[in-house]
Amino acid sequence: MLKSKALLLSLAATVMVASPVLASDTLKVGVQAPITGSYANEGQGIDQSVRLLADQINAKGGVLGKKIEVVTCDDEGTAMKAAICAKDLVNKKVSMVIGSYTSTCAEAAQATYYRAGVLQTSDGTSDTLTEHGYWTFFRNSFPNSAEAEFAANYMVKEKAYKNIAILSDFSSYADGLATAVQDAVKKLGGNVVAREKIKAGSQNFTPVLTQMKSKKPDVIFFAGYYSDGGLIRSQQVALGIKADFIGGDANDNVDFVKLAGNAATGAYIINVPTPELLPYDLAKDFLKAYKAKYNMMPPSIWTILNVDGMRAFIHGIEATKSFDTKKVAEYLHTLKDYPGITGPISFAADGNRVGSGYMTYEIQKDGSYKIVFK
Amino acid sequence: MMKKIQVIGYPLFFVVMALLPAVLDSRWLVVATTFVIFTIVALSQDVILGKAGMFNMGQALFFGLGAYTTAILNSVYGWPMLATLPVAIIIPALFGIVLAGPIIHLRGDYLLVVTIGFNIVFIQAVQNNLGGVTGGPNGIFGLEMLQIPGMGAFQEAAPYYAALFVLLLTLFIIRNLESSKAGRALHYLREDDLAAGSIGINTRVYKIFAFGVGAGIAGMAGTVFANQYSAVSPEAFNFLQSVLFFSIVIVGGSSVPGILLGVFVMFVLPEIFREFATWRYFIFGFAMIFTMILRPRGLWPAKFGRIPKAFLEKGGNHGQQ
Amino acid sequence: MASNDLVLTNVTKRFGGLVAVDDLSFTVQQGQIYGLIGPNGAGKTTVFNCITGIHPCEEGSVLWCGEEIRLLPTHKIVQMGIVRTFQTIRLFGQMSVAENVMSGRHIKSSQSWWNGIIHTPSSKRDETANWQVVFEMLDFFDLTEFAASTVSSLPYGIQRRVEMARAMAVEPKLLILDEPAAGLNDNETQTLIETIYRIRDKGITILLIEHDMDLVMEVTEYLTVINFGSKIAEGNPGEIQENPAVIEAYLGSEDDDF
Amino acid sequence: MDTFLQQLVNGLTIGSMFALIALGYTMVYGVMKLINFAHGDLVAGSAFVGLFVFSQLLGGEVSLPVVIGVFLLTIVAISLLGFTVERLAYRPLRTAPRLSAVVSALGASMVIQNGIMLLWGPQMQIFPELIPSVIWEVGGVVISLMQVLIMALSTLLMVGLYFFVEKTKIGTAIRASAIDQDAARLMGINVNNIIVTIFLIGSSLGAVGGLFIGLYYRGITFNMGWQYGLYAFVAAIIGGIGNIPGAMLGGLLLGLFKAFIAGYVSSTWADAFTFILLIVILIVRPTGILGERVAEKV
């Protein structure tokens, strides 16, 4: 009896403490992104654009009358920090999380969000992200397998390369993409002459490239990040390897061109459109606002994809007139062609974004992109 | 002084630790759990580095081996978490023994680089998905979490209590080690390898023993770590982690309170000062330098003179501080 | 072959091109106090290192109790009952006197390696019994009052006693002392002489190197003199003092210890 | 065969850089018996200072005097930084237990690494293209002007250092201090000055290494010092730490190992094989290839 009384008291205390929070009428949106570390500019881009979108929505009166409050946690691009971030954000009672940039960090945090019923959207392209059956997770980009099919089709059918060399780093995203490309190429009857791995950030890739040279590839497909891709391209040219270079989506970053220098000219990159090339009015408006607020362009398309993820969540809340994440998720799993900055947004039942907006770009002398294949 | 701490300090410490989950939110509970786990690893590192005086900078390898053993047994073979514990002790311990065998005759810095090497080889092996069971660069996710029956709402604190229990077990082992022939042999060979041999200690065997015990305890920590995150990934065991454990033992000093302080200073403080994100490690480096200058033997150095009380009362107390 | 003798036959030890010990033979009989003397750099300590396995010799044989120990590792030789002290004291500096002496009980202790992890009633009994011996040993060397002191903080003379106590804790059959009187004052040296006799009275054979000729001539029963690694004389103290080769060696080297 | 020769060139290029950096470790170790963990971060710092000197101080226009100016100013700045590290982090610990000095070195490494991050940010910076990217193809082997420069300048510096240590009075004093500091002091050698000298020389060589990294790879990050430091340290150990020709040999060997292992054995296991080789070398020769075996005096 005494015990239950104590329980009641403490419950009352909790309510008293908690009620001001409820009364504040905010919708908490978490950002889990690498604010520091190797992918800092991507992480900061995500954070900035989420804050911009929140400001825009708040200016229009918020979501169902609630203002959006953004809470950011820096996962430094490491899985362990991501796991801590997840608990932190859940603890701060966010109802949705935007991020993270890398598949590894998104995956390390997934289970925690799932258990807490917090919606999560990430640009991570690793296929495994949507294989756990978590109803809370929505991918705002397109999975590796979609990119792999596109890349294989481009290399084997469009360009008819005879010898294809594939290179990746050790990260789950890159290794997964490279393996998917390898499988897709084989399925189309292409010939993979080399499949090698490099250590991200190790700078000296000449031994691997030299060895590839002896296999006489017509093309080198690099699945990995721009910070290595730029160097690989420049070292490839310095070694006199005549093969074409195709970089996977994560090479799509302004630093790729800076790192590769003159060698960047003629390199191909496969990705969904870069921010500047998005044909939609929504995109033009958002980029203009971004430029006005931060005096720079978003670092890459990934930033914008994450914004679209958040927009879909907000739309879900408004359409269901509910903050119940379960209801919102149910609605989103059947979402069809909701207009997005990066094109129409549709989700499959497993949380994958439906469609494939991939294109191949060729880097021009002035560093700009030219679409060569859609 | 020392005595007082053992009599009052330890029980007090454990009471405080046992009550912590009641006041911590879930983020700080994660930090507290990791604090306990890192303490276990640092204690295991201390067996090799502090007690036996061997420059080991690869302790994360044994920690990782334990974690991966648990993760693989749980995810691939479906063993319950708790059942993996003995295997997660034995496998790292065996690795410790086998790896130490050919290298323990190496002098200080050579040993240091070889242990770093082992650590790097291990990381590359798990990244390359050795045997198809390590999950590659991603690691292994979605492990079962140890449930403690009857904890109800406190279930979130289960990994914390599991870690705390293992810490208790570790302290029990360390205490036994200190008052045993084998434990003293480690101190002797640290102080003077040759003199230790000259009174009949088989230094080679005891150096390997130190690696075995250190690796076994680290493996145990690995199990609770895998349990806490319900995941393992290669980067959590890379050699920079080994550097952290190495620094903890030296900064703290080779004693139990020293190591607790060391883990607090080297792991918890940076978490507390998260807001100063970019500045914290900069200032931290300075703190490490000044700690070493001001207290070259660590914040709380090991004290010797562990003589059974009964004999001390008989003998003089001359010179005892 | 007498059972508990130490027999060196044609022992040769080289360091690179340098012959440190050259074809040396001598026999230490059970119960003797045996002296090994010679000028500085004659190779005396090297002989000890050969016997105790620290630097095994390449040629010759070292027999102990009828067994060849030339190539055995140090710790095995200790287990067979040969224990030494060092010219430059080698104690476990940060540890207490009692812990230092306890190290000598290592090979006498019945604990297994796994008792380092879990104690058993018998390991606890063993532990207590060994501490008992340590305190007897401290008593024997008059060190009880320093039991808990850190060794490195003690004066030199006391450290010498601790080192001997540690060696004696092993319960050796043969005790090898490398310049036990070095750095001791007259009083301490006198105590040392008495101690050596008391050790011998326990039935322990003693082999020693010493520069203090008064001490050597007083305590030893038999002597071997070496110079440049080879034997130049052997005999009882009286004979050695008369031996012209020995006088030549010491005077020739202008060694003022003699 | 072309591939083999190409790998040889690759290996010698990276090996020369390792050797330059390894010299800094080995010289400090020789005299102080201390692993200078901050050395790798000095190397990283050098690339950033070089970037700053070029773009902020010397106007950002490429010309030969400017390139020489970048090298000289950076070397001066980094050797001063090395000097400061010695004063602040190592000198107060000269009589302390060895492990405390190791941790102090780790602390210094952390300070420099995070200092770079605070000054230049966490993003990768792009090093300017100071050397024209000229390449030649000789019988199927491609070699760039940058590679030739790296190998030539490294060789020159190493030969110079060798003669400095072997033939000059200061060099003799360095060798004497390495063998026995106390005896050297008794012979009238100011060991403090010798230590300052080796820190200045070691940091200068590291500075050149850092500039090479910037020039050759272009992309520089604040935390890249760790990996170069680790590999250079391994090179010094392979050669026999404390031994100057050993560091040169170790650096070149390590560069070649890495090239041939990544090339011929497996790129996915490159690191593992490198360290397995190191371990095997140390098991066979416990003090490195040119290291001396020291018997403990009893």
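Labels for the chains are A, B, C and D, by order of writing; each one numbers its residues from 1.
The rule is simple: a residue touches a chain if its C-beta (ideal position, glycine included) is under 8 Å from a C-beta of that chain, and two chains touch if they have at least 3 such contacts.
Everything numeric here is computed off the predicted structure, so don't read it as measured data.
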Query - Chain occupying the middle, per Cα centroid - result: B
Query - Contact-richer chain pair (by C-beta pairs counted) among A-D and A-B - result: A-D
Requested in this report: Compute the centre of every chain as the mean of its C-alpha atoms, then state which one is farthest from the centre of chain B.
Outcome: C
Query raised in the report: Taking each chain's centre as the mean of its CA atoms, how far is chain C from chain D in angstrom?
Result: 48
Query raised in the report: Cα centroid separation between chain A and chain D, in whole Å?
Result: 38
Query - Inter-chain centre distance, chain A versus chain B - centres from mean C-alpha coordinates, in Å - result: 37
Report task. Report the inter-chain centroid distance for chain A and chain C in whole angstrom, where each centroid is the mean of the CA atoms. Result -> 73
Query - Per-residue multi-chain contacts in chain A, two or more chains - result: 36
Report summary line: Contacts with two or more other chains occur in chain B at residues 128, 194, 278
Query raised in the report: What parts of chain C, by residue number, touch at least two of the other chains?
Result: 54, 86
Report task. Over in the complex, which chain D residues touch chain B? Could you list them? Result -> 29, 35, 88-89, 92-93, 96-104, 106-115, 117-118, 122, 226, 230, 233-234, 237, 241, 268-269, 271-272, 275-276, 278-279, 282-283, 286-288, 296, 298
Query - Residues of chain B that touch chain C when the two form their complex - result: 173, 176-177, 179-185, 187-188, 191-192, 194-203, 205, 209, 213, 304-308, 311-312, 314-320
Query raised in the report: What residues on chain B touch chain D, complex-wise?
Result: 49, 55, 102-103, 105-110, 112-114, 116-118, 120-121, 124-125, 128, 194, 240, 243, 246-247, 250-251, 278-279, 281-282, 284-289, 292-293, 296-298
Report summary line: Residue set of chain B touching chain A in the complex reads 25-27, 29-31, 127-128, 136-139, 141-142, 229-231, 233, 235-236, 277-278
Query - Contact set on chain A toward chain B in their complex - result: 35-36, 74, 78-80, 83-84, 87-88, 90-91, 103-104, 107-108, 110-111, 126, 128, 132, 170-172, 175
